[in-house]
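Below: a set of structures, written as structure tokens.
Next come two complexes built around chain A: one with chain B, the other with chain C.
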Partner chain A sequence: MSRPGFVLEVDERTPALLMHQGEGFRLEKLPLGSRVVYPPESLPGLRDVDARIREALLNPLGSEPLPDLLHAGMRLTIVFDDLSIPLPQMRTPDVRQRIIEQVLEMAAAAGVDDVELIAGNALHRRMTPAELKRTVGERVFRSFFPHHLRNHDAEDRANLVEVGHTKHGEVVEINKRAATSDLIVYVNVTLTAMSGGPKSVSVGLASYRSLKHHHNVHTLRHSRSFNDPPNSAMHHSYHRMAGVLDEHVKIFQIETSLNNDTFPTQLGFLNKREWEWTLKDQAAYLAVKRANDLTPAKQRRQIWHRTAAPYGITSVTAGDPGAVHEVTLQHVLRQQLTEVNGPSDIGIWGLPYICPYNVNSIMNPILMMSLGLGYFFNLYRGQPLVRPGGVAIYYHPVSNEFHPVHHPSYIDFYEEVLAETTDPVAIEAKYEEQFATDPWYTHLYRNSYAYHGVHPLYMWYWGAHALEHLGQVIVVGGDRRTCERMGFRAATTLNDALEMAREKVGGSPTITYQHTPPLVMADVR
Partner chain B sequence: MGLFREARVLTAGRDWRGRSRTPRSAADHQPPDEPREFPTGWARTPAARVARRGLQRGVLTPLTWSQTRPEVTGREGLDATKGPVVLIANHASHLDTPLILGSLPEHIAKRTAVGAAADYFFDARWRAAATALVFNAFPVERYRSRRLRSLAPQLLARGWSLLLFPEGTRSEDGWMAPLRMGAAQLCVTQGVAAVPVVLRGTYAAMPRGRNWPLPGRPRVVVRYGAPVKPEQGESARLFNQRLGQTVSRLWAEEEMGWYQSLRAQAAGELSMPTGPQAAEWRRMWESTRPVTRPGPPPAWRDGA
Partner chain C sequence: MIITLEYYRSMTRYVAGRGVTSTRVGGRAAGVFAANLSPLRLINRPDPDRPGHGWTRVRPLLSGICGSDLGLLTGRNSPYLSALVSMPFTPGHEVVGETLDELDGLPKGSRVVMDPVLGCEPRGVRACPSCAIDEHSRCDHITAGIVSPGMQTGYCAGTGGGWSRMLVAHGSQLHRVPDSLDNEQAVLVEPLACAIHSVRRVPIPRGASVVVVGAGTVGLLTVLALRECTEAGPIYVIAKHGHQRERARELGATEVLSANRAARALRRATGGFLAHPERGEEFLLGGVDMAFECTGGSGLDTALRLTRAGGTVLLSGMPNGSVDLTPVWFRELNLVGAYASGGRDFPHALELAAQAPLKGYVDAVYPLSRWRDAIGHAAAAGRLGTVKVVFDPTRD
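What follows is the complex of A and B.
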């Protein structure tokens, strides 16, 4: 029986608590009276995932069984979430592979010849052949790569089609192959409440023309939070676009949800509550911490990125996207939601080594901002964990380090744009068009493994709601010059950070630490 | 941060076993204790048996007899007993087990296992190991909270006699509590005889809260009844009632003497010695009254 999440109040019995800090972690003693939001314990995974997948395909929600939708001579497009989900990557076989293999078995039995597989990577970098193979499995890769298994190209004008407009005038433009298929089968992994559902096709296969309607400062500032779809302007836009898509293409959605088994057994202490650490856990902590600190930076990064999560699959649901997503969301919230009584003056987050955009890559300062002020700050329902004008304290080294292949436009954004302003509205007005249409960035996006030129700006917008809401952002252990460039303050220790925060929140602030990963979403009442 | 400093932060607030106290606000979120059965099979190996008899005969029994003045009656009724029996005793003190083990005939004592509260004697491994070695104890679940599988039927099947305290716990005030059904049920289902044992004076000698007998070698009485066999078709409830009557008579024997107690039982005048329905202090007052020997001293003693 998995225990629900809860809010700990730090007392004199509370041992030092674990904080993620980039490609490392540390123990930190929090001030007495601080609150710590713990996620629910990991739910048991499905015992027989393959059987559950088959059952879902044969008994879908709001749709005919998949075999009834397949017939010879049809155009079938299977789209799957790219490597930005889940985080960390799951152990192989990836659940997407398991699902795609069963879908293909059924397609083969029905005599479907025209099958294409597309990674729904939107403006993300292309997945490498090795990454594609890891996601879909050797058998699928061998049968379809490179001609019928590929990445979506949001800049291939010849292979994009404008499906229509929403009543708000939003352009719905997606991958032509998918839009002209008789059936799209979307294979999803819903890691947070933000993912999946109407977002899958309308975002994963979209172009910049379409994405800019919801990936903008105004929409993101009115998405409170990203993980609470009913209160997210971004999701309202997704829904409108999904409505347009529904009129033109048939989508059979297969969604999965995961439990909180984020770290493998040898790092089991990262999944446990600190006062329950056994001697073995403590020895493992010391050994791993010491080894991690002593390992050269490059090898350390490789080790972290090679560490796959032993996730259990908590649900597999198939059928109509709307009906399916409702069920999936329930499973996600059951695993991640913890009720919190009101916001506090200061919020603390330990930022780990990975975010959706640095898988097998470097977490650059912009991505740190997007993870901290975008993803983690938005892990709430109701109201933010920090009161308006409060202070967010993050743990991260914020090194001035970029992956030149994956994040070329990020480098220019950091060096040129942030040197001038950190205001998301000003950035959007002055620079978005330039970055989005820069032919060199577009070339790198299409032919190399670079994120789209506009992506760093989107990452900055991602934190726009937090930047507007917070009075100050302090990064413990952060590089001073990098933090200064981004408008944050760097502190050496937590005590220093709390001292700095006094200017904004007074001498006796209330403090809440959101203990994640594993992911926890605060239901702030 | 160096390893030393890291270790210091890690171990701050933890005890020498690395255990942290549970923060108060986390107390309601602790996982339920996993039922862990302490293995006691090793305590019945030949080597452990030799060690136990050495400890019992060389240390435990002489020590008990040096600190108290035990009087043992009815033991001769067990001399002819063959095969396993279930010894059913009232329980008021930690003296009870050493007194019974020290006064049992040798052929039964060396093949007797003692049922001990799993939640009390088997909660820490060192205590569990010591209890299992010295008393040949096996865990008995008192409150059915951990769903342990009882070892008792297996032990009987292997020829071990059992010493059980069917009240479930030591008396709070020296008087007896009703006998729980477990022991009677065991006798009925396994078809073994029960031997009622009544201890008097142990509460006065070493009640709850004391870990050593009162000074002055207080007198204690260990009274064995004749083995009681469940009859064909007898229910556990009826058998338990019969055991209760025998225990009541043995208890009353202290004040009435053997024959009078028999007559009182026949007349239906005896009931379970649950004490007067009075204020707590009066119940305790009565139960701690020193056990004095009625009448003149016997011509010969039935000592250990």
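What follows is the complex of A and C.
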């Protein structure tokens, strides 16, 4: 039986606590009385994943069994989540591979010949052939790549189709192949409560024209949080779009959820609560930290990105997207939700080396903002972990470093836009159209491995709710000039950061450290 | 007898200066090496003789140190120019001074600025085709006539130069300075005339996008000339230092960029694609309509990479380095030179200098005796927050 999540109050006996800090980590002593929010212990994974997949496909929720939906002469499109989840990448075989293989076996048995596989990468960068192979497995890759296994192209006008409009006037435009298929099978990994369900097809296969209805500052400021779908304007929009899609195309959704085995055995101490570290864990911490600090930066990054997570699969559910997602969310929350009694003056987060948009890449300053003020700040239900006007303290180096191939428009966004303003509303009004329609960015998105031109703006919007809510953002260990460019303050130590925070929260602030990863979502009462 | 700085022939010093300043470390400390290794010396010599009728002695009040002077002292200027000078000579061609002799229409004691080009008229020879149409900066006779060879005063043994207490100048070279213009403004008239000349070298269509590479004196004055004398559209300036950025904006730059982000920023501003060669700097497929190279060499490569196909790159600074000309061929660029100034440029520069916000551009004034300090300062002017370093030969 896994132990539930809990909130620790730091006292004299509390050891120094682990804090992620980019491609490194450290132990940090928190002030007495600080609260630390830990996730529930990792849930046991399914013993026989393949059997569970088969069972889910044959006994779906709100739908006929998958074999009954398959017949000769039909057009079948299998769509799968791209490399942005899970984080870190899971050990192979990827659960998407396991599911796709079974779906293909059933399709073959039913005599379905017209099958296409599409990565639902929306405006994310295309997956490389190696990344596709890792996700769908050698056998599927060899059988379908490149003609029948591809990335979605949100700028290929000839292969997009407008499915309809929601009652709010939102355009629903998705991949033409999928929209004109007899059946879409969507293969999902739900890492956080934000993902999956109505988001899968309406976002993963959409165009900028469609995405801009929910990926905007207004919607994100009214998504409190975007990991709490009932209270998320973004999810309300997804639901409206999913409703339009339901009228036009049959979707069979297969969702999976993961446990919190985020780091492999050699980094097992990262999965554990610090006071429960054995002598071996302590030795491992010292050895890994030392080796990590001494490794040249380039190699260190490669090692981190090659380190796959030994996740256990906690659920596989198939059928009608709405019905499936309800079950999946329960599994996700069971693994991640921890109850917290009220917000505090200061929230602390250690930001790791990875976010959804720098897999095999560089965590640039914009992505640091998106991870910290977007993803981690929004890991709450009820109310934010920090009170309005409070202070967020992050740990990250915030190096002024960008991947030139993956993030070309990010470089210009940082150099040009943030030099002028950090206000998401002003940025949206003045720059969104420019970045979204820039022919060079479009060319690189379609033909190279670049994120779409508008993506850095979306990342900035991702933090719009936090920017509005917080009184100050301080980054411990952050590059001073880079932080300044983004409107943050840099501190050398936690004590310095707390000293800086005084002007906003006074001399005796309440402090909460959201100890993640492994992921924990605060249910703030 | 006068005190003068004299550039003399010394192959050893020339080679040493060129060798040292061409290295990375030497380049950074070019001022120190230029001041100590260059074949320049402070001497006493007899007053210069007037070569003929129409010449006057001039007492320099201020004399600027130009980028081409620094190129000379560091040995970086092209050997091409060695045929166009006569040794030993006194450098200094940006001069505001006082006439010591009576000339027709120019009474003794007049405050003047000097167009340094020694064309056919000062040389007393029949006008060459260029001088005949008032384009004396293209004179073919600069090695002939009654004064020794030299493309300008400041490179000519017979005339002396501004880095001294006296030089001689022909009346056709001199322009009276109105009382409204102080000496600090007046000493900028010569480089301003060059800037005006450069923006007049080619037609600049209304609304054309322009990048000015470099924001030293030449670059800043080019921005001013572009704004005042043309209908150019957005003017982008590539500047290294904070004070240059501020001044460029004050003179009308649309946006000021650092060199390392110029390509990306101009791609955003003008459209097009950014290309990354396997070696060398990135370049634009697209870019600005026109580029003005105002660094004296190092910026030419940048200018060529930022200009659109069929666009124009104008060389304002004296070029002193090798550059990959592939973009000129591949993008079918027009590479245009702009040397010194022409007939209308000086009067126009005098007018403009009186109106333009050039106060504070001359903020480092040295006596000749501190020539090493002055040259060191000039070589590091941008870094030290200075635009123009000048000598005041009247000071001890």
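As a convention for this text, the second predicted complex is superposed on the first by the 525 of 525 C-alpha atoms of A that agree within 3 Å, B and C clash if a C-alpha of one lies under 4 Å from a C-alpha of the other, contacts with A are read in each partner's own complex, and residues count from 1 in each chain.
Convention: a contact is a pair of C-beta atoms (placed from the backbone, for glycine too) under 8 Å apart; a residue touches a chain by one contact, two chains touch by 3 or more.
The model shown is predicted, which means the values in this text are computed figures rather than measured ones.
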Fit or clash between chain C and chain B when superposed on chain A: fit
Cα-centre angle that chain B and chain C span when viewed from chain A, reported as a multiple of 10 degrees: 130
Partner, of chain C and chain B, that touches more residues belonging to chain A: B
Which superposed partner A:Arg290 touches (first chain B, second chain C, both, neither): first
Partner chain(s) touched by A:Leu279 [first = chain B, second = chain C, both, neither]: first
Touched partner set for A:Glu415, first chain B, second chain C, both or neither: second
First (chain B), second (chain C), both or neither touched by A:Pro439: second
Minimum distance between Cα atoms of chain B and chain C in the superposition (Å): 33
Residues on chain C engaged by chain A in the complex (per definition of touch): 261, 264-265, 267-268, 271-274, 276
Interfacial residue positions of chain A with respect to chain C in the complex: 404, 408, 411-412, 415-416, 434, 438-440, 443
Chain B - residues contacting chain A, complex: 1, 3, 6-7, 9-14, 17-18, 20-26, 28-29, 31
Complex interface listing, chain A residues touching chain B: 3-4, 6-16, 26-27, 29, 273-279, 282, 285-286, 289-290, 293
